[in-house]
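Two complexes follow with chain A in common, the first pairing it with chain B and the second with chain C.
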Partner chain A sequence: MTTILIADDAAFMRMRCGRMLADHGFTVVEAENGRDAVAKYQEHRPDAVLLDITMPELDGLGALRAIRDIDPDARVGMVTALGQQAVVVEALQAGARDFVVKPFQADRVLESVQKLLR
Partner chain B sequence: MLESRPVDLPAAGAAGLAPMMRDGALRAAGALSEMSGRCIETRSISLRAVPLADLPLVAGDPERPVVAVHLGVQEPHGGHILLALSEQMALRLVDMLLAQPAGTTTSLDEMEVSALAETGNVAGAAFLTALADRARVILPPTPPLVFHEMCGAILQTLAAELALSEQRDAVVVETEFTCDDESVDVAFFLFPAPEMVRAVASGLVEGSDDACSRD
Partner chain C sequence: MMELRLDATPEELPVFLTETDELLQSLDAHLVRLEGEGPSAELIQEVFRAAHTIKGSAGAIGHVRMARLTHAMETLLDRVRHHELQVTAELTDHLFEALDMLKVLAAEVETQQQADLDVETLAQALEALAATDAQPGRGMTLVRPTTVGPPDGATHHLVVEFERGPWTAVRALQTLLAVEAVGAVLRSHPSRAEVERQEVHERLEAWLATERDGEELRRVVAEVPEVQLLSLTDAAELVARMADEAGSTDASGSEPGSEARSAPSGASEATAAGAARKARGSAATVRIDVERLDHLLNLVGELVIDRTRLIELGRALREQVGEHGLVSELSETTLHLGRVTDELQAEVMKSRMLPMGTVFNRFPRVVRDLATRQGKKVELVIEGQETELDRTVIEEIGDPLVHLLRNAIDHGVESPAEREARGKPPTATVRLTAQHVENSIVIVVEDDGGGIDAAKVRARAADRGLLTPEAAARLSDAEAVDLIFQPGFSTAAAVSDISGRGVGMDIVRTNVERLGGTVEVHTTAGQGSRFLLRLPLTLAIVQTLLVRVGANVYALPLSSVTETLRVPAQDIQRMQRQEAILLRGHVLPIVRLSTVFHCAGQAGPVRKDALVVAVKVGERQVGLMVDALLGEQEVVIKALGALIGEVPGISSAAILGDGTVALIVDVPALVQRVAADYQDFCATVARETTEPVLAASVS
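On to the complex of A and B.
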């Protein structure tokens, strides 16, 4: 079973993405902030991670760096409303493999997961 | 009575600020449309300076209960974004977001509040992206918070925050929206701190210098 970790402080977004991915046969693990995402990554070693950026405790860029420290091969995509050019560049330089700007069509998140798993 | 006046900015910054705010408002409306699945467009956009003491009046009757999503703009620039909805509009928007028949939502529990918070987050971030990319600065927002109380009380709190930076006036960018061509009771406010106004205006001035030097 392919496991996807979704980290977003909005329960609404976790529900929306989680249902869609579960409908496509993925096992979903949820985290509600960056610190929780790093802990869940350690615990579950998911096949791919979707990270929001603007989160309490530890933001998505901090979580991305921490996850890549644990596992340099981690497959992480950013799914965020924060689509400012400088932030996109920073995320890609920190090792994100994809960047999806909210709001998005459901297909775009599926595409991103498939891209991460390739 | 609410006192307001035009914003005093360096000439090049002031000239560039209005189209930038329009772009921000259009992006926020686009984000709201995408999330709600309805045609949401900007009805009006205004930019003015208001004495901090009058800030609680900028959204009309200060005793009107509203549901408001607040985002801060992180330091060093600073500022506040507020998406304010009437209670009825908030319930209607939740039904749109959760793809439910109109009238299904009658109260705001955890999931409903989260849906509204995310809507404010996406609209506010879209607005900030327009400003940040054009002025070539980074304007990251804080995570959204949802308040359900009297409009004037929320604005009074923001006025107190803005007063900490020793400003006497608040710059107010206000956008009103239509939904499927009808006016809706949703207002979007940006209250930039002085440092944010300076950074955005300077970015525009430098951008216009760059454009000249390429010619």
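On to the complex of A and C.
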């Protein structure tokens, strides 16, 4: 059972993304901010992670770094909006493997997740 | 009206709406603070994040105009975030305008109809504001064609092209990273540093050193989306070709890696987001439908009824069968059931509680708008947002509070000039507090404005014919000021659309009393006023006194009952149509419930002792004549329902343990009606007779 951790502070987005991933057979774990994401990563050791960039308490970039500290092999993708290129650049350098742009299309997310899992 | 098509399931919409509403409300509060206190990194980040989140969700459901507007807001806020733009009145005004439009756009989701809004104009206005004082933009350096020979050790030369779009820099970096996984990038155009600064155009050229073969390189590059491989050549071949062409050597290639990495702009998100945020609570909370809670409460109510029934049955059984072992077991179990039900009821009641903050949330905006419109300066201080109330009360208390706030600003608070003349600070303070006191909640609305002038109130009341000048003169100052709650009263000479003409305070009192509460005012002329509201914690369950009138059972909320009396027939005075008794020196008007509710009952004069329940609402007291007292009982209120509709004098109903339906009397309404009649009556009597007893003021 492949587990994906999704982190986004907007419940609506988690619902949408999670629903879509679950429909495709993934087990989904949700986190509502960066700190939560790191905790959930420790607890569930998911196969891949999708982090929203803008989150309270600890943002996507911070969570990415923390997760990579825990697990240097962690497969993390960033969920970003237009205008956040600079952060994505930093994220890629910090070890993120891919990014998805909001508003996202289902196939793009799936593609990204599959890429992360490879 | 055009239909609004959205890309969301019926399940997703309520989640979207609830979340968006919350965000919009908090945006309201934040913007008011921003305007008042000035920008702080934390505040700006909060506002930015809210706009950003709404944009994301709006985009996800396909609400194009909403996404457009929030995007423009975000653009503007982003510049503020980076200290590139000042927070001016113009800026906050625009943001408020955008916020109001967002509220309408969110409402569209409910109605599924497009409202007539000019989103584009406002969005462009926001973007125009964002573009002011623009710093010179970062220029994109053109990729210079490589004309220098390959660096030592290079095995391959790579050229890739990116799809036009905002992500070229990211794709470039991804390409570099992808290649670095299988080899080394010796040199590239643009350089790694330039890529990190997002100075990327459409192409990336790179000299690579790797042990892998071209196929693998191709595969690795193909993994990066939106990137097209233009050429991948063996370095040696390329060198040979270049030597053939005897190309010029322009030594202006930029060196990779030797420049210090410059931090990309906009990475301040990490710091700003790290700033403390009011804890929303961990994921240990659950959202629940209000209907579901209501249903739960109903079920608990039924349980309570059944429990009472079981107790009665147990008792009856014991009378029949005597002290049988099974009977004791039954009574023990019933007792335990009672304890569990009580606790269950308490828990359900608690889960229905909401913090006062949910009502208070919208007030900063209301106060801000009012004060601005009237050219007054007001600071709203709120305390006790965490104080909890049952949602039934919360729903009803908002409007009366808004009215009191409006009243404070409209009539209480003076203009800054006036205040200074009086030696007061130009900014008035309106304080709103809420706290639990025993079994009630006390809400206070106070201002440091001009207070209420008792003399003016007296004069006005007499003017309006509410009472005679002599009667007015006889009232104490406190009683006089209380007159503002009388229907038909207003000291506003002109009708202000804000507070209305005399429609204000009496409605506040009526509404509060309808909720089983009281409202009183304390004031000092020149210094300010203080309105005190006392409310029960819940409206869903009520302690009642059951009485019989005719063949029916009625329930009187215990909170309004002061005492029960057995009155000998001869003590009942009768003047004209009104009956009354003397209770400890005060006149207590008597109302026969059998008359009010048209029950078969005693219509003629009372023959023997009469049973009277004295009830008090605010300062008015009335005696209700009933046929029998049945005892006290806590009941779960059930609404009468649409089929029956509104019945004067009855507020709701309850089902008793034995299945009887008891009608719950609307005591405030009854008292008000009687008191009004009685006051007229008193006034008439005062004018026409000299009866000292009746001329005494009614308590």
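Everything below uses one rule, namely that the second predicted complex is superposed on the first by the 116 of 118 C-alpha atoms of A that agree within 3 Å, B and C clash if a C-alpha of one lies under 4 Å from a C-alpha of the other, contacts with A are read in each partner's own complex, and residues count from 1 in each chain.
The definition used in the following text is that contacts are C-beta pairs under 8 Å (C-beta built on N, C-alpha and C of every residue); 3 or more make two chains touch, one makes a residue touch a chain.
Since the model is a prediction, treat every value here as computed from it, not as a measurement.
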Worksheet item: Now for A:7: first (chain B), second (chain C), both, or neither, which partner does it touch?
Response: neither
Worksheet item: Touching A:48, do we find chain B (first), chain C (second), both, or neither?
Response: neither
Practice prompt. Considering only the touch criterion stated at the top, classify A:67 as touching first (chain B), second (chain C), both, or neither.
Written response: neither
Practice prompt. Please work out whether A:89 is in contact with chain B alone, chain C alone, both, or neither, and reply first, second, both or neither.
Written response: second
Practice prompt. Using the touch definition from the top, say if A:81 reaches chain B (first), chain C (second), both or neither.
Written response: both
Discussion item. With both complexes overlaid on chain A, does A:36 touch chain B (first), chain C (second), both or neither?
Written reply: second
Practice prompt. Name the contact category of A:115: first (chain B only), second (chain C only), both, or neither.
Written response: second
Discussion item. Which partner chains sit in contact with A:102 here, chain B, chain C, both or neither? Use first/second/both/neither.
Written reply: both
Practice prompt. Would you sort A:58 into first (chain B), second (chain C), both or neither based on which partner it touches?
Written response: second
Worksheet item: Which chain A residues come up in both lists, the one for chain B and the one for chain C?
Response: 9-13, 15, 53-56, 81-87, 102-104
Fill in: chain A-facing residues of chain C, complex
12, 15-16, 19, 49, 52-53, 55-57, 59-60, 67, 74-75, 78, 166-167, 169-170, 173-174, 177, 195-196, 198, 223, 225, 264-267, 269-270, 273-274, 277, 280, 282-283
Worksheet item: What residues of chain A sit close enough to touch chain B in their complex?
Response: 9-13, 15, 53-56, 80-87, 102-104
Worksheet item: Quick one: in the complex, what on chain B touches chain A?
Response: 31, 34-35, 97, 110-111, 114-115, 117-118, 121-122, 124-126, 128-129, 132-133, 136, 138-143
Worksheet item: If you look only at chain A, which of its residues touch chain C in the complex?
Response: 9-13, 15-16, 30-32, 34, 36, 53-59, 61-62, 81-90, 92-93, 98-99, 101-104, 111, 115
